[in-house]
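The following pair of complexes shares a single chain, chain A, combined with chain B in the former and chain C in the latter.
Here is the complex of A and B:
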């Protein structure tokens, strides 16, 4: 039995490897998000209905979380955090749609999750510099100078942790789903599919929450 | 979303990443230790010290996140 989850169609170009299936799926995810957000905002009503209602419900739930953790900065940061959430949510769920090995989650590729995590770390540094200026770098030598090594290593560990958690959860879910389809083709895969749908939402939420937490630590006095 | 509910969700998010934080910290430091051993010929001290330092770094990261 050959497993398809986690296997990629690799193309070499100018000495760089490209996972083409991940690229196609990433473009598909972006297209889905653009279409959905356009549909949700095209003819907005005071009493929201249909897709506008769903989007407003999701974004209002997240806004409450952002406001609590980011204080005055939430308006400036909310759009990128919403984007992270929507991108990861659609990516996670895309791989669960039954298809003859055509659709796969872009988040089952470590390159995607690492890219998202590194971009979130860069965002934290930019926000830190914007809010605190050059004084932001003081936290690297706190509580005392010897901690600079530990603090620098922690800055590397943060995106790696974010990336591996998301990648591991999604890839493991897809592999197990494929195995269950092969071993017990009735009932059990449906149960796991429902569970994976919930996992996809939770993982997208956790990623957005952890980035919010890192931003909150940077903006707040505790950092 | 209320403050209590928001704090609860944040706590769940942080708790879910605790294991990975420690694992990744140990992995990164052991990798650096292994590379150090490879180039400096100090096998196995870099790997050992990297592992211990990684464990400490992971715990420090978790404690800082939870505080």
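Here is the complex of A and C:
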């Protein structure tokens, strides 16, 4: 039997290859998020109802978790952290919707997760420069110059672990789901599906939470 | 399965686009609404607290005013009572004086009447006495001399004996 999860439809353009299925799914995820959030903000009632209430609840919950680490940078960073959470959440759950090999999680592609992780690293540098100026990069040679090796490894390990944690969880979940469907078509896949739904939420939260703590370390004196 | 390619860069761009769109059209208005709601609730709470304090102050003021009014009313009643008492005392006194005066007048009247009666009786007695004496003696006793004699006799009698 041949597994579909993890296989991508690759297109070459100007000598560069692109995983088209991942890109389509990403755009679908973006469309879903934009539509849902726009629906939530359409009425903006003083007494929130329905989807506005859900959206406010999510944002409020995330704010409660993330805000304390970031101090006065929260206003600038909140949009990015909310988007990390929402994008990864919807991406993770999209692949769990039963479909004849149409829907897949964009996060089952290392390009997506590494893209998100690298963008988070760039964000950390930007925030570091914003808060501490050019002196931010001094922390690479602290406590003394030789530490640059360890510090660089840490700097690389952060996005790599972020990317592979998410990628591994989601891809493994989808592969296992596909296998279970093939081996035991009843009951068991449903149980795993429910479990994967929870994993999707948890992974989205972990990613956003870790980015927050990296940012918090940069803003504070974490080094 | 783990091939890095151009998708990575596109995903970063996708993410940035999504952040920009959501920040402008979703988070900003939504957070603004939430902030506005928070401010409004805070305002409402503050004004409610203010209203409560004002009400308490008003209540205290009214209670004090009521107390004052009650005290004043009590004072008024007290004064009126005293005044009425004094007035009635004065009236009683006046009445008493009037009574004494009237009693005196009545007494004088009675005295006068008695005097008058006594004089009449005296005249009558004189007449009768003269007539009786005349009849007894059988001679005219009613001349002016005789009348004067009898009157004189009677006048000599102890006036106090007759009066009493």
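The rule is short, and it goes like this: the second predicted complex is superposed on the first by the 223 of 223 C-alpha atoms of A that agree within 3 Å, B and C clash if a C-alpha of one lies under 4 Å from a C-alpha of the other, contacts with A are read in each partner's own complex, and residues count from 1 in each chain.
By our rule, contacts are C-beta pairs under 8 Å (C-beta built on N, C-alpha and C of every residue); 3 or more make two chains touch, one makes a residue touch a chain.
Since the structure is predicted, the reported quantities are computational estimates derived from the model, not experimental observations.
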| item | value |
| --- | --- |
| Partner chain(s) touched by A:34 [first = chain B, second = chain C, both, neither] | second |
| First, second, both or neither for A:118, with chain B first and chain C second | second |
| Partner chain in contact with A:78 - chain B first, chain C second, else both or neither | second |
| Chain B versus chain C as contact partner of A:210, first or second or both or neither | first |
| Touching partner for A:156 - first (chain B), second (chain C), both, neither | first |
| When both partners are placed on the shared chain, which of chain B and chain C touches more of chain A | C |
| Touched partner set for A:55, first chain B, second chain C, both or neither | second |
| Touching both chain B and chain C, residues of chain A | none |
| Sites on chain A touched by chain C in the complex | 6-8, 10, 13, 16-19, 22-23, 26-27, 30, 33-34, 37-38, 40-41, 44, 46, 48, 52, 55-56, 59-60, 78-80, 82-83, 86-87, 106, 109-112, 114-116, 118-119, 171 |
| Contacting residues of chain C [partner chain A, same complex] | 1-12, 14-19, 21-23, 25-31, 33-34, 36-37, 40 |
| Contact set on chain A toward chain B in their complex | 61, 64-65, 68-69, 150, 153-154, 156-158, 160-162, 164-165, 168, 205-206, 209-210, 212-213, 222 |
| Sites on chain B touched by chain A in the complex | 1-3, 6-7, 9-10, 12-14, 16-17, 20-21, 23-25, 27-29, 56-58, 60-61, 64-65, 67 |
